[in-house]
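So, here's a batch of structures to check.
Next, two complexes with chain A in common: one pairs it with chain B, the other with chain C.
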Partner chain A sequence: MMPVNFHKEVDYVARLARLTLEPAEKERMAGQLSDILQTACRIQELDTTGIEPTSHVLDLPVALRDDVNRPSLSLDRVLQNAPRQEKNYIRVPRITGSGHNDQ
Partner chain B sequence: MKYEVVIGLEIHLELLTRSKLFCGCSTAFGLGPNTNCCPVCLGLPGSLPVFNRKAIELAVTAALALKSEVQINSRFDRKNYFYPDLPKAYQVSQYDQPLARGGCLEIELDKSRRKVSLERIHLEEEAGKLVHAGESIIGANYSLVDYNRAGIPLLEIVTAPNLYSGHEARLFLEELHSVLLYCSVSDCKMEEGSLRCDANISLRPAGSPTLGTRTEVKNMNSFRSVEMALEFEAKRQESILTAGGSIIQETFHWDEEKKHTFPLRSKEESSDYRYFPEPDLLPLVLESSYVEKLAERLPMLPQEHRLKLLDQYQLKVKEAVLLTRNRELGDFFETAAVSYSDYRNLINWVQGDLLYQLRESGRDLKKIDPRLFAELLIMVDDGKISRPVAKELLAEMVQTGADPGEMVENRHLGLISSRESLMPVIEQVILGNPDAVDNYRQGKKKALAFLVGKVMAVTGGRADPAELNRLLKEKLK
Partner chain C sequence: MELFENTAVELSRLLRTKEVSAVDVVRSFLERIELLDPHLKAFIIRTPDMAFNTAKEVDNRRIRGEEMHPLAGVPVAIKDNISTLDLPTTCASRILENYIPPYDATVIAALKNVGMPFLGKTNMDEFAMGSSTENSAFFPTCNPWDLSRVPGGSSGGSAAAVSAAMAPLALGSDTGGSIRQPASFCGVTGLRPTYGRVSRYGLVAFASSLDQVGTITLTALDSALLLSLIAGYDPLDSTSLPGSEFDYTDDLEPDIKNLRVGLIKQHLSADFDQEVTDAVLKAASILEEYGAEVQEVSLPLTDYGLGAYYLIAPSEASSNLGRYDGVRYGYAVNGENIEDMFSRTRGEGFGPEVKRRIMIGTYALSAGYYDAYYLQAMKVRTLIRNDYKALFNDFDILLGAASPTPAFKIGEKTDDPLQMYLSDICNITDSLAGLPSLAVLSGIHSSGLPMGMQLTASPMQEIMLLKTANFFEKSRDFSPLRPVLEFSEGG
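Up next is the complex of A and B:
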């Protein structure tokens, strides 16, 4: 594969993941991303004619459970990791631009 | 230029299961915040999802009822985005291999019917609920999160851009609501959020084959607000286009108080959800025998029920629609019809006085027994009680479930039709209203109705109208 500069892709993915990266980190990530994609390209060279695409390594029927209730966690366990709480809710910063609702 | 409105809907409904899609937490509505949560629905590391059999059954049932083609192989994907209502920072959803493809639903327009096509139906998990501290979503300075709702099985139904007015969108939703209630897959309470609807809406020059730029409208919390919001948004777009402007692809919120749509935020970039197959779940493979079995178990659906109502009781389409939209009312009518065969009179009472009394009293149909309702009508038909008395009894039946026969007997409410009983009242009314008597004798017909009303008032509405009219005319000669 041609050597490609992946800095733009790193910036894009970092923004989606809400990550702030130092220039040195970006440099390292761009190199790693290039390696990963090269490996993927090698896999794509395999001849897969006649092979059914799969999305999971296991060829098993999916496990199902009956619709019965089981105990939930106690409230203090649920809120244990919440940095801020209010009236048994988890308190989070004001919602800004991005997210589900702008699709 | 004349524009055509094009609308597509995206409907979400919570399926009627006891437990969540991937864990045993309760799906009950209205409990204390964060009390129905466990490591699975909170997305804690190391937890693994296990499918709820019932959720799949309800999803397949809904798809079959909507004539959507259930896929034997479907797959679940992670939809990645950051929002505080999403504990895992991804939603388990379906992307390119949904549970069902296509489908349609017929709506009854004024004088015709139209098939509205569906694109797809898929299963996903519900997000948590955000409570905004502050006036509205715009003014909030922080939010509170309740994860009780997170992980409830959610069905997404996407229509084709196949609806051409806010009114049609409303009719579609109402019909969809009926179908989903008939097959008991969801309680479909828009006010509790178990049925929600978002819309894409655009305008194009009438006759044009290509779609215009669309906007998305959210926060429509009732059938009425869906219609109003989309009519509003269509007008807003039309005025921009007419003035030579262009539509910006944005998301709008419907403001129920102010009756307008306002932009939530403009779209800076198209979202990238980075879907990928959910590694914690195996692909969902359904046996075709399982799908067939569910298809056989499908109950009667509203359209079929309407045909039965039209045929069996000679109702009008509008009446049949009323009885299928309001299932309790339909059951009430049909139970009453077992012992009362003047269906025309029955439906007139049901859609007239009965609905009026229910509205007035704020009651539902729980108290009143349809068989006693039929008895009430029979008493009117047999001349045992007058219509005004029947109406008063009905008001009481709706509130207390009382037996009309007993009330008539205990309170001596029977029709007064004997000459001996009516004449003294008639004479008293004639003496007390000399002006009306003069007017009548001078040929004013209306004066008779006035006098009849007076006698009715004195007798508490119990006078036999035919007999009263006859005797009154005789006395006034």
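Up next is the complex of A and C:
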């Protein structure tokens, strides 16, 4: 089993996770995650040929409800926690292009 | 005897016979909280006004002679990852510090419906990730048995509250031991029900295939009473089990004579505290004495289970916690563009353990690693389920330790996440298999701390766990059951 070295991966994974990490935080985390993954990847020693993965312990059919209208949360309830809003819309920075935020 | 010293079942009796009012009961617990919680810090938010209002309403209804649920007027503490309408639900995270849910979790609605006064929301490891409650973004909670020690986690606030008689009952959640490990550290009874038995609607998601709401109580009888209120099918939770209602019975007399008990070899490990394993062995011999058939069994994948869990749970968490981006709710930081805003919000809003788990999960699910990590972990999960299925052909319950050691010192494991994870080694495999599992006091360690044993049964067999726990509670030959806590007023 190859040793896990997370130092090379940390920037890439942080970008995938949309997580800004400070340089010191990155360094500490890379060491800790290498250790954790080293332990976790011992599961690769087990022969799982022909074993079905368990994504869920319940053998339930997909739960469907009748396709009928029912009341949902009111607009003010939906928006009550939104940090930035304007005229019943949630406000976010520019999504397209790389220009500066217009806020 | 003070009112706060009673079990929920006894409080229920006192209320029904009108020997005390719900307002008296609430006042007793709130005064206890006021006295002790500045030292223990089990609560993130206290809700005295809400508790008194509910209690007054219950008292008025009782005066009018209305038919009431046995738990009407019995106060409860709630882990702060269970959504409460118009009452902050922070998950002990900066990112949800100001979040006010616009709806009640199904379990909360059930509690409100019968008139249970809410004492407050309890401290926890951030997003239920941790084993000591030290990962709370706000403050750590102290173990009532020894203030220099952790109460366990992640439901540490709930366990400490019940242990210190600041609440007769509490709700917790258990993903990989988060009810049972703190219950054992605080000397109380913690039940993780069968996956799907209690609705997860409104429980803030950590790892959806593992998360389960459960009870932290003083006795098995109290657990049975609270479980009967929160169990059952919920159409709002797509993983809810039809026919999962639990009928309360005060007849918890077990048929120990015919009980087939599997004693888990891996929980008698030399790596465990010797007194913890001795207490488990003693419990096994008591069962034998009363006619149970006890046999040593093996769960050979226990160590691998930890590895599988620390891939599966973080993978699910990395997906579930994607929703915290500063757009719809929670902490938000400005950014030059939307990605910058997401990344900075999450970087500042999440604490170190949550970030670690998001990173592990993101890595395990990323292209090139998925098969070796996540897929393999899910296959190991199947192997673990198969082991349990085979064991439950021959055994009614499995007996082991609830944690390898009694409560450890605050700060002892914070720099070593892997050591912290090992504290849950006894609780992981049955979580992965979705089984009901219960922690109950097994004895008092020479250090004066409580120790716990764990009972696990096949799906939907909570009654078997509760009966066996009730048997142990009755056969207990040690005291005290409560920590000795002496603080002067305002001290």
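A few comments on the model shown:
The rule is simple: the second predicted complex is superposed on the first by the 85 of 103 C-alpha atoms of A that agree within 3 Å, B and C clash if a C-alpha of one lies under 4 Å from a C-alpha of the other, contacts with A are read in each partner's own complex, and residues count from 1 in each chain.
Operating definition for what follows: a residue touches a chain if its C-beta (ideal position, glycine included) is under 8 Å from a C-beta of that chain, and two chains touch if they have at least 3 such contacts.
Quick caveat: nothing in here was measured; it's all calculated off a predicted structure.
Of the two partner chains, chain C is the only one that A:37 touches; chain B does not reach it.
Touch criterion met: A:55 reaches chain B and chain C at once. After overlaying the two complexes on the shared chain, residue contacts for A:46 are found with chain C alone; chain B is out of touch.
Comparing chain C and chain B on the residues of chain A they touch gives the larger count to C. Shared-chain residue A:83: touches chain C; no touch with chain B. After overlaying the two complexes on the shared chain, residue contacts for A:69 are found with chain B alone; chain C is out of touch.
Residues 16, 18, 54-56, 58, 60, 62-63, 65, 73, 78, 90, 92-95, 98, 100-101, 103 of chain A lie in contact with chain B in one complex and with chain C in the other.
Residue ranges of chain A in contact with chain C, taken from their complex: 6, 9-10, 13-22, 25, 29, 32-33, 35-37, 39-46, 48, 51-58, 60, 62-63, 65, 73, 77-78, 80-84, 90, 92-95, 98, 100-101, 103.
Interface of chain A with chain B (complex): residues 16, 18, 54-56, 58, 60-73, 75, 78-79, 86-95, 97-103. Across the complex, chain C meets chain A through its residues 98-100, 102-103, 195-196, 209, 235, 238-242, 301, 303-304, 306-308, 310-311, 318, 322, 325-332, 334-344, 346-348, 350, 352, 355-356, 358-360, 362-363, 366, 372-373, 375-383, 385, 417-418, 421, 432-434.
Those residues of chain B that touch chain A in the complex are listed here as 17-19, 23-26, 32-39, 42, 50-56, 75, 80-86, 91, 127, 130-132, 137, 140-147, 216, 218, 251, 264-265, 267-268, 271-274, 277, 279, 281-285.
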